[in-house]
Amino acid sequence: MAILENRLKGILPPLTTPFDERGEVDYVALADNVARYNDTGLAGYVALGSNSEVVHLTADERVRVIETIKLASERGAQPPGDAALGDQESGRVVVAGINEFSTRAAIEAVRRAAGAGADAVLVITPYFYKGAMTEDVFIRHFTAVADASPVPVLLYNVPQNTGVVIEPSTVATLSAHPNIRGIKDSAGNMGAISSIIRLARKDFAVLTGNGGILYPSLLMGAAGAVLAIACAAPGPCVDLFNAAASGDQAGARELQHRVSPVSQVVTTGFGVAGLKAAMTLAGFNGGLPRAPLAAVSDPERETIRTIMRASGLFPGLE
Amino acid sequence: MAILENRLKGILPPLTTPFDERGEVDYVALADNVARYNDTGLAGYVALGSNSEVVHLTADERVRVIETIKLASERGAQPPGDAALGDQESGRVVVAGINEFSTRAAIEAVRRAAGAGADAVLVITPYFYKGAMTEDVFIRHFTAVADASPVPVLLYNVPQNTGVVIEPSTVATLSAHPNIRGIKDSAGNMGAISSIIRLARKDFAVLTGNGGILYPSLLMGAAGAVLAIACAAPGPCVDLFNAAASGDQAGARELQHRVSPVSQVVTTGFGVAGLKAAMTLAGFNGGLPRAPLAAVSDPERETIRTIMRASGLFPGLE
Amino acid sequence: MAILENRLKGILPPLTTPFDERGEVDYVALADNVARYNDTGLAGYVALGSNSEVVHLTADERVRVIETIKLASERGAQPPGDAALGDQESGRVVVAGINEFSTRAAIEAVRRAAGAGADAVLVITPYFYKGAMTEDVFIRHFTAVADASPVPVLLYNVPQNTGVVIEPSTVATLSAHPNIRGIKDSAGNMGAISSIIRLARKDFAVLTGNGGILYPSLLMGAAGAVLAIACAAPGPCVDLFNAAASGDQAGARELQHRVSPVSQVVTTGFGVAGLKAAMTLAGFNGGLPRAPLAAVSDPERETIRTIMRASGLFPGLE
Amino acid sequence: MAILENRLKGILPPLTTPFDERGEVDYVALADNVARYNDTGLAGYVALGSNSEVVHLTADERVRVIETIKLASERGAQPPGDAALGDQESGRVVVAGINEFSTRAAIEAVRRAAGAGADAVLVITPYFYKGAMTEDVFIRHFTAVADASPVPVLLYNVPQNTGVVIEPSTVATLSAHPNIRGIKDSAGNMGAISSIIRLARKDFAVLTGNGGILYPSLLMGAAGAVLAIACAAPGPCVDLFNAAASGDQAGARELQHRVSPVSQVVTTGFGVAGLKAAMTLAGFNGGLPRAPLAAVSDPERETIRTIMRASGLFPGLE
């Protein structure tokens, strides 16, 4: 299992799902994105995270998205000549998001994801009965899911989508479970991330989900990050991670100040549609969102382009 | 269609789904509840509303829940001797909740619900990408669903679960669609309900989903209500509706003051688990919630019992 | 004291403070407004409420505002020929707002207000240390203020300005104090207002501060209302109160639907500056707000005018 | 003015105001605290910040608090033998909080504070008319105050008390004013602090007001911090600042993890009353809060003691 921890260090993009004009998943475009990401130093991929429009996908589509990403990631992971190694563990990790409300549905989805090739699962806090989402409920839910899961479990805290927060003390309690191995925390609350690092098991992998606090999070001990902006700018995110890891404070700070405004415009700014537009501008296959979400308008796209250009992170961008 | 409007007047309970100790749906207990409700003057039933734990049910279970309720409601609707009438339209209306995020999934679920016997559907606002849920998105989503739906559509605003609000002006715009026939508004915002009544099409059915403002809502022109508390106290809710309809202000106010504290304890107080406990105390089949929700604790049940007793609405309650 | 209760029934406008172009209080304009209000059937006046910009006034200005309003209200209260009566109690009640954070400052301000002629005081919940504003703190604060106050005390709940809510159960506890005689509740939460009416002492005066729920509040047992919109449209608010009091449901509902949109535009819409613009449009002395607040822009004023015209409540409005 | 910038680097405690049992300010105890702080490497003091209960103080008390702190800080600033220097600029900076709602009252308070010896003022965002607090209003207010102020102005963003946020872009605009020299940002939003650093004038002093993000803030370029916890643990806060300044990442991170839980318990945990209890436990003169705030209970004090002990930052604590 130590191998997984090593693979949960670094930058993982939460892959978007490109839809075509009929609203169908474009698996070829998705695989093509992964193929290109494979050359950028990313630690792995999150399939079916919030930015994937997982809630817009059927159960069958979700399985096929995982399979597509897994396959594309493995190909990329084996450069010519290495095929003989067969060392699957050296490849990029594929983490599959689980977005379910009942414990039994979450367990079923976890099994499907593992069957489709996921190395780990990222299980969202249930979020419909907000008033009932107590610490007890979270502990019961995640413990049952982790008990049943054939692969390691990461917790997923994303209050901007769920309206629900899992407290650092609850995360610390859950970190004692041998199959709960980390958290993606997208709340952007630096104090809470520090508290989780302080309170949880030493080898618990804390991944920030907020591009605006990547460097601070790493400095406080985060293992890595799952960042929307990494879908459009994988290289700079990896560079920032490496600068932080090597103690280059000035370089890391400078990169953080460049990454932050682009990160903001593709998250709180224009959301999934904005991220897809930024990916297309950066040369990846953004594709369309699925209804009721709509593509950004032309003026919105120009705003995104302007912010991307100003960052200096996209040298080829017109 | 005028017939539907007549049937959307009055009190509809949002039926809970009783689960057994293994976590399976107890369809017999559900049908038995409906059979007893049939004698209480309710206008119909909401299947798969928030209190049904719809998000904890599979697609197949959802269909069977609708079928079960529809069948039980029809039997009850035909008292001995009336069988010859065969006037299906005179029966209690069955409204099926639709809890989906993508427009295509909502349309598919609407068709399944209609196929299972639903007379109308209650379509929740999409709620995962909260930042993206603009007026445009709501109009696009509900219009597409209403265009495709074989049965009338009601909008469903329930910010305490979704973290998203649909504005009165947006509701007014949507009320112009011939297949969008009303709204269940559970926000408990009396000003907003009045605004919807003022702004929407004259025959648009506004149903309040908040037991604490039933009488005020009716006085301002609401057609009726979908109330959790009606699952435990159908008679008093119907009495309150009738008092308001007949202009008995003192009686209606008195009943409202009795209904309010019980309504509160089974909603914001203890949620679905509290409602199920109250139903059991009142002699109905509450059953268990499905994990991660848990049954109320013994002290919580006693708090509920105390409040129910103090209301004077449950004469047989020990 | 029964006399006060009788005087706390009906509609009271929370008087705005007109400022001139140098930012000074225009006491003459204020007195002139009161003189005109005196003919409209209002039950009295609230001086130094939220809409008065009380937080923008010095202690000395606050005293002089109360004195001005008191004097103007008494003159108006004595129609020609009645001077001989000398029945001060039959006049319009003047309630003075107290906006302080420490208990000792509130007590001092209450004494100054009583000395300036206030018949009662409206004491806001302290609101700076939001996290510390527990039920205990509220009970301690209001009890100490009421113990020391030479005039009756009303509680003031206005979360849109304070970010703090006083719960109905706390209000009920405080209603047992012989010198705490009512509440102005501006939260606009109909369920909470009903709960206060249900839980508090029978003769506790509940005044809604939200024009959008005036009729529902009165029907549930509110004694009256303190409404910003009554500064611009005193007559229609009094008419609505009277329609409700006489059981004219259709008339009250119709008036409510006319009052609501105008009420909204001068509160959540454009705030104090909007209310002042509406007053000027309606022929009263709106004057300017004090910096940092600014007058509405010309397009904003036209929006207000359009909404006022559409309501049909301002027949002379061009 | 460059001298001021140098003095705005480092740690400044927001001094609490000790009250005696009659509720009077204990100026002797306050001066005694400052005398002891003078030996701990602090860069200066904030008088009349949120933790001072400034809103509980009269205008006269506010002046005397500033005078007391200024006098005590100057004495301490001149160690034996340095008296000949007469270099007032080398002493600790005294920043005075301004907590007013109208622009004119803020200007008047700024002048009083400067007259009482304040080297700079910390001007809170107006916060009563929350809905009206637009970017325009903030720019108008702070510009007018800065134009009139005889001393440099710092902006003060503290949404947990005010319910109002000033956006990084607005701060950036205001940073162009020659007399607006920095901000204390207590929101605890690391992304926003980074944005301010990125967008504002290069020599604009960003001071974080959140102890849980001290090290991350410094790494991103903050000049220093105004921290409640520094009232109880000045030494460790200064050590953390120095570790960060000298590039000792491991040491700074370790100290941050020790400071965070204590910081939390005296802010979001038990507020001003908790901070005063912690100060007393640490050997300073905490004193009592002023009503309606009350001292912490005995069990609460033990909770605070336990957390302080566990931090290892208070070696003498029993």
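As written, the chains take the letters A, B, C and D, and residue 1 is the first residue of each chain.
Note that in this section a residue touches a chain if its C-beta (ideal position, glycine included) is under 8 Å from a C-beta of that chain, and two chains touch if they have at least 3 such contacts.
Here the structure is a predicted model, which is why all the values come from computation and not from measurement.
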From the options C-D, A-D or B-C, the pair that copies A-B, where over half of the contact pairs coincide: C-D
Centroid comparison with subunit C (C-alpha atoms), farthest chain: A
Centroid distance [mean C-alpha coordinates] between subunit C and subunit B, Å: 38
Chain centre separation in whole Å, for subunit C relative to subunit A (CA means): 52
Chain-level touch network, classified as line, ring, star, complete or other: ring
All chain pairs that touch each other: A-B, A-D, B-C, C-D
Subunit D-touching residues of subunit A, taken from the complex the two chains share: 188-191, 194-195, 197-198, 210, 212-213, 215-217, 219-221, 247, 249, 253, 256-257, 260-261, 264
Interfacial residue positions of subunit A with respect to subunit B in the complex: 23, 50, 53, 55-56, 58, 101-105, 126, 128-132, 136-138, 140-141, 144, 160-163, 268, 271-273, 290-294
